[in-house]
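Following this line, the structures themselves.
Below, chain A partners chain B and then partners chain C, in two separate complexes.
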Partner chain A sequence: MVVGNASSFGRRRLPSGGRRRSESLGPWRFVLPLIVFQVVVVLGPAIMAVYYSFTDWDGFSSAPFVGLDNYRQLIADPDFQQAFTHNAFYILLMPIPFLLALTAASLLMRVGGRAGMVYRLAFFIPFMLPSVVNSFVWKLLLDPTQGLQSILPAIGVPNPGLSFLGDTSTSLATVWFVDEWHFWPFLVVVLFAAMQSIPPDLYEAARVEGASWWQEFRFVTVPSITSTLAFMFIIACIWCFLVFDYPWVLTYGGPAGSSETIGTLVVKTGILAGRGGYGAAMGLMMTLFAAIPVGIFVYLRRRGAEI
Partner chain B sequence: MQSRLGNRTALAVIAALTVVGCSTGVSTPHATTTPTQAGSPILTTPGTSVPSASAAVAPPSGRVVQWGDSTGIVNNPDYKTGVIDVFNATNPTMTLEDTIRTNMDAALRTALAAGSVTPDVVNMAGPTEGVELALAGQLLPLDKYVAQYGWDKILTPWSLALGTVNGHVYCIPNNMETLVVYYNKTQFDKNGWALPKTYADLIAVADQVKAAGSIAFMQGNAEYKLADQWFQGEWLNHVAGPENVAKALKGTIPWTDPTIAAAVTELKNVVNGGHFTGGLSKYYTTTFSAIAAAVASGKAAMSVDGTWDLAVFQDAFKKTGQELGWFAMPDSTGNPVLDISIGGCDGINKNSTNPDATAAWENWLLTDAGQVALAKAQNNPSPLATVNAGAMALYDPMRADILTALVQKTATPGQYGYTDWTFFSPKMETYWENHIEQVWAGALSVPDYLAATQAAYEQDKAANALMQLP
Partner chain C sequence: MNRRSRHLRRIVPTLRRHAFLVLLVVFALGPLVVMVFNALKPISELGFNPLGPPSQLALSNIGDAWARGKFSTTLPNSVALVLLTLGLGVPIAALAAFGLSRPRIAGASVLIVYLLVASTIPLQLFLVPLFFVWSKLSATSSLPGLAVIYVAILTPFAVFLIRSYMVKIPRDFEEAARVDGAGDLQVLWYVVVPMAWPGILAASLIMALSVWQEYLLATVFLLDPDTFTVVTSFYQFQTQFSTDWTLESAAALITIVPVVVIFLALQRRFIGGLTQGGLTST
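The block that comes next holds the complex of A and B.
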């Protein structure tokens, strides 16, 4: 069957210049509404935020230009420094949910059928619930008088009356725990999906070679999902700097600022206290911190890292 | 102790005297009534000699838009039927549209910043916010309406002063409340605890309660972090004394003054000494319903709280069958001081297309009809120079007792205290509220806290943002 030849192709009329332009503009026409939307909703406010960060704007009236004053003040602001260390605390503990998720995902790989589906669903439920709902549930569970501790006397154990969210020494760790309790199932599902894409041949070959479960995990599973792991780690690092909802609902950043994050501080300062300019500077610093992991990611990829 | 019977009796006697005065021809036209020079409130019955808002001018017409917070009084069904509907029915030339907004404050600020013509009524959380918005140029000066309706005569001088910025009135305070000490009378009687006559007595009683294995003050801020400011204000006014607080607010003494420092230190000692909820960490996780339940059951003896939570306590005490009592916290000299709380302040949007009708609505709220309607809906009264006894009688008896005592106190400086959300300037209030927990936690020293408070005060002063005190 003749499907064509050089001459037949040659007889085709090439598209005119106008048509070529039209075709090249085609995709842009589809994307244009989104671009306009992004400019209005994201780029415009972002540019305005940069501008306001150099002003003493109160959120309503004129915005007198103050140069770098807001940034100078930020560097010396003990509240901001404290909040930054709390965000850094989130990053420092980041390996914990990753290790848990890796373990859980690899175990889920071994559970097939309906049971596997039930497990996966159970793991994912915390991530599907709104953060406000999760927070209120945990607030109740952790309440020293009405929560889990109040049940202990029924089994003969005195109620220790520990106030995890009300103690300055435990509030941040408790907020982090609840936040990660919500987040790590998402990691499980993502890593599980990545593991499912690993060719079974690799595992079969490893087993033929007499590899143990741990060796399969170490030499087959982990190397095969490195890019997913790296990507999720970057995303998680960014989220660590954008933490807001859990500390806001659970503790309002307290007590005494002990669970304050930059996100909660931005809202308190920029919106509630009417210091729009200073809040904008704080928000931009938060964005800058969040961009650092992205920069590292891009840098490593350009250097040839397979992530 | 503020005797419930005593106040009720006083209320009835004063109301009766007013009626007698009226019947003997001591009647005053609404528009020209002048209250006592000191702004002393007089209790009167409606429709008698009430120096009330004027109705002499031609009624404006048109539509007035008001926004209310979904969690606030405006969302109360009684407010809709008892206040809004009554106004619309009795003012046929005007239509008040009442819209509920979630996160109303943010929506309001966004609308104002965008130059929106609605809402016409700028419904604010208190005078401090009024100053902030007035300085931002978002509010219409109300001087014309003050003169037209005689608001300077209808409202107490101190309350109108709160709405004044740079010599112009920008907002009309409303929703007057106070803080008291609610206590379990059954437990007090049973244990022989005497009601305190001085602040030292109060702490002595707290020690006795603690020694008996109960919690002295059941408090918490789990649901509302700014509840901290209730106690800041109570201890400030009752340990430093209202005179010193007034001096600090006027700038006569600095906020680093030893009297102020003593008050902040005393509160720090009380909250850390186990008198608050049995420990500071529990304070941060205790809810209002748990507070009321603990006091009603006798697990705790007292709770410093506002009139806004009275119904919560009453419901809890109904369940336990024990008796609820209240008293004004005494100061160190034995004066039972009540702190003034103004929980709301209404201004007019500078871009409003119908300011005259908006002002008419505000004026109606200050009339007999408005005050009675508010009372029927169990909303708090406005800080009027002459309080409507008929409206007062419509409140729950205990609320009426407390409000009556407050009204009597507000006549004389030195008898009332100053809540920070009512009398503190914006930057100072923000700092004061946001850093007290660091003081309690020992992360910030009292001198440093007060030095920063003074610095914030100076900033507000430079911006002409200080609250005006009479």
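The block that comes next holds the complex of A and C.
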């Protein structure tokens, strides 16, 4: 089948008997290096993960087959359950960065030129900085003695001395906040790019009809970018299951697992504790969870939803 | 209605918009400004002025942080990782994009779906076996060993980005080159690459940035302190000197300056590439 299509490449070349062997692969030979890397790093280990998830593998020696034991244990594992609810927390609060980004992007639409560009650049900077630096900056600001709270006495309010990252009841929300602080600018830029491709006459028509800012936003802007919104929503949902850097760096999942996510738990169990089989099963579960939003998206599209 | 009030009615909403946007800018950049302030102030000032600008500059913080943060080791490590990843990854992505931008390749759609999945899949799916395979091959604590992983993880996105430029090139250019006797690789090098250059550049920038700021793999795979990157070593540094905010801020500043400078210089390609990559994969 490949040979038949090779003609689309060498269409104008005279058929010569001395074609090199690599060329008989046709256009696939250009893709071959990519495939090799995928097999070695991603595909091969992913298949191994499926196999080892049915074993009691410690990463080094033999791997006794244990069937579904790992999965049974996983479902009953309180640490895993807790981590799952923390990822779900990220998803539940997703409308917040989206609403903020939608508002900012639609405001940017009305501020053209140089000023608009300066705003966009400024928003974007946290997104491109390393997570360890962003985390450090917020650790500094949230520090009970030297952070933002320490300036309260200057205006006559005693320093409450709250340790947002050190308290089990606030650690997750704080980690989420710092993570979204770094993520929402990316949404602004993507949504803004989508809004720029809305035909201007739609807005003119709305203005002729006397539409208010809200009506323009509700009936022109949002409906015109639903496909981008839906796509970004799916991506963001997937990322909610991949959360790793911010809990790892800010709290190391603590205190007492109060900000643990599945992502950090996999590294702790599978690699640091050397429970290879169990960690592999956890990674697989995590992938399945991340696939759910995609499944819903595909299902809705099949049902004819215009997203 | 007189002209003055009409003017006011136009200007008030504009001011309100700017006020709100400025507020958001303060939200985005304010924390980083505090960090820059602290990087430049003497530690003795921190106690009574933890957030404001320094009353006297303590540039020695930077030198201290440079030496104690071992930047003379970690900076070359990070640069080497970026160069290794780009050197391998960009040609691989460009070749694959070229192959996949040809019409009607059998099986191409399967590969495209795979690449789409691969560019969003959790690392944790294959991380555990990958780590133990790499340990067995003695490829942990090795910059080339990590670069190979980065290449595999970052090329799917780059392929989409570069391909979106390649499919827009009119076929006539390629046909003309072929009439002149150019082979596939010559067509790629002399016709397709120059015309898809903006896409290749954007993909390279995004790859470079991703490698520079990557934390999860770097922290798992680089165990020997001599192989630490700027980012993983900053984390160690921070836990080690957790009481000296000024020293840590100075280290943070050194870590982000190269990125911010490059980003501001090339921001159009960065942002264009990121948004386009996000939009074209729909």
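By definition in this document, the second predicted complex is superposed on the first by the 278 of 307 C-alpha atoms of A that agree within 3 Å, B and C clash if a C-alpha of one lies under 4 Å from a C-alpha of the other, contacts with A are read in each partner's own complex, and residues count from 1 in each chain.
What we mean here is this: a contact is a pair of C-beta atoms (placed from the backbone, for glycine too) under 8 Å apart; a residue touches a chain by one contact, two chains touch by 3 or more.
This structure is a prediction, so every number in the text was calculated from the model and none was measured.
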Ask   = Is this a clash or a fit when chain B and chain C both end up on chain A?
value = clash
Task = Go through the superposed model and pick first if A:89 touches only chain B, second if only chain C, both, or neither.
result = neither
Task = Have a look at where A:166 lands relative to chain B and chain C in the superposition and call it first, second, both or neither.
result = first
Request  = Could you say whether A:59 touches chain B, chain C, both of them, or neither, answering first, second, both or neither?
outcome  = both
Ask   = Is A:297 contacted by the first partner chain B, the second partner chain C, both or neither?
value = neither
Request  = Classify the contacts of A:146 with the two partner chains as first (chain B alone), second (chain C alone), both, or neither.
outcome  = both
Request  = Decide which partner touches more residues of chain A, taking chain B and chain C as the two options.
outcome  = C
Inquiry  = I'd like to know which partner A:232 touches here: chain B for first, chain C for second, both or neither.
reply    = second
Task = Please indicate which partner A:271 is in contact with in the superposed arrangement: first for chain B, second for chain C, both, or neither.
result = both
Request  = Name the contact category of A:80: first (chain B only), second (chain C only), both, or neither.
outcome  = neither
Doubly contacted residues of chain A, that is, touched by chain B and again by chain C = 59-60, 143, 146, 271
Query = Within the complex, which stretch of chain A touches chain C?
reply = 1-2, 4-5, 8-13, 26-31, 33-35, 37-38, 40-42, 44-46, 48-49, 52, 59-60, 104, 107-108, 110-111, 115, 119-126, 128-133, 136-138, 140-141, 143, 146-148, 150-151, 181, 185-186, 189-190, 193-194, 213, 227-228, 231-232, 235, 238, 241-242, 244-245, 248-249, 262-263, 266-267, 270-271, 276, 279-280, 282-284, 286-287, 290
Remark   = The residues of chain A that touch chain B in their complex are 58-61, 139, 142-146, 161, 163, 165-168, 251-252, 254-258, 268, 271-274
Ask   = In the complex formed with chain A, which residues of chain C make contact?
value = 13, 17-18, 20-21, 24-25, 27-29, 31-32, 34-35, 38, 46-47, 50-51, 91-93, 95-96, 98-100, 102-107, 111, 114, 118, 120-133, 135, 148-149, 151-153, 155, 159, 175, 178-179, 183-184, 209, 212-213, 215-216, 219-220, 230-232, 234-235, 238, 245, 248-249, 252, 255-256, 259-260, 263-264, 267, 270-271, 274-276, 278-279, 282
Query = Which positions of chain B touch chain A when the two form their complex?
reply = 106, 109, 112-113, 132-133, 135-138, 222, 225, 279-286, 290, 426-427, 430, 434, 437-438, 440-441, 443
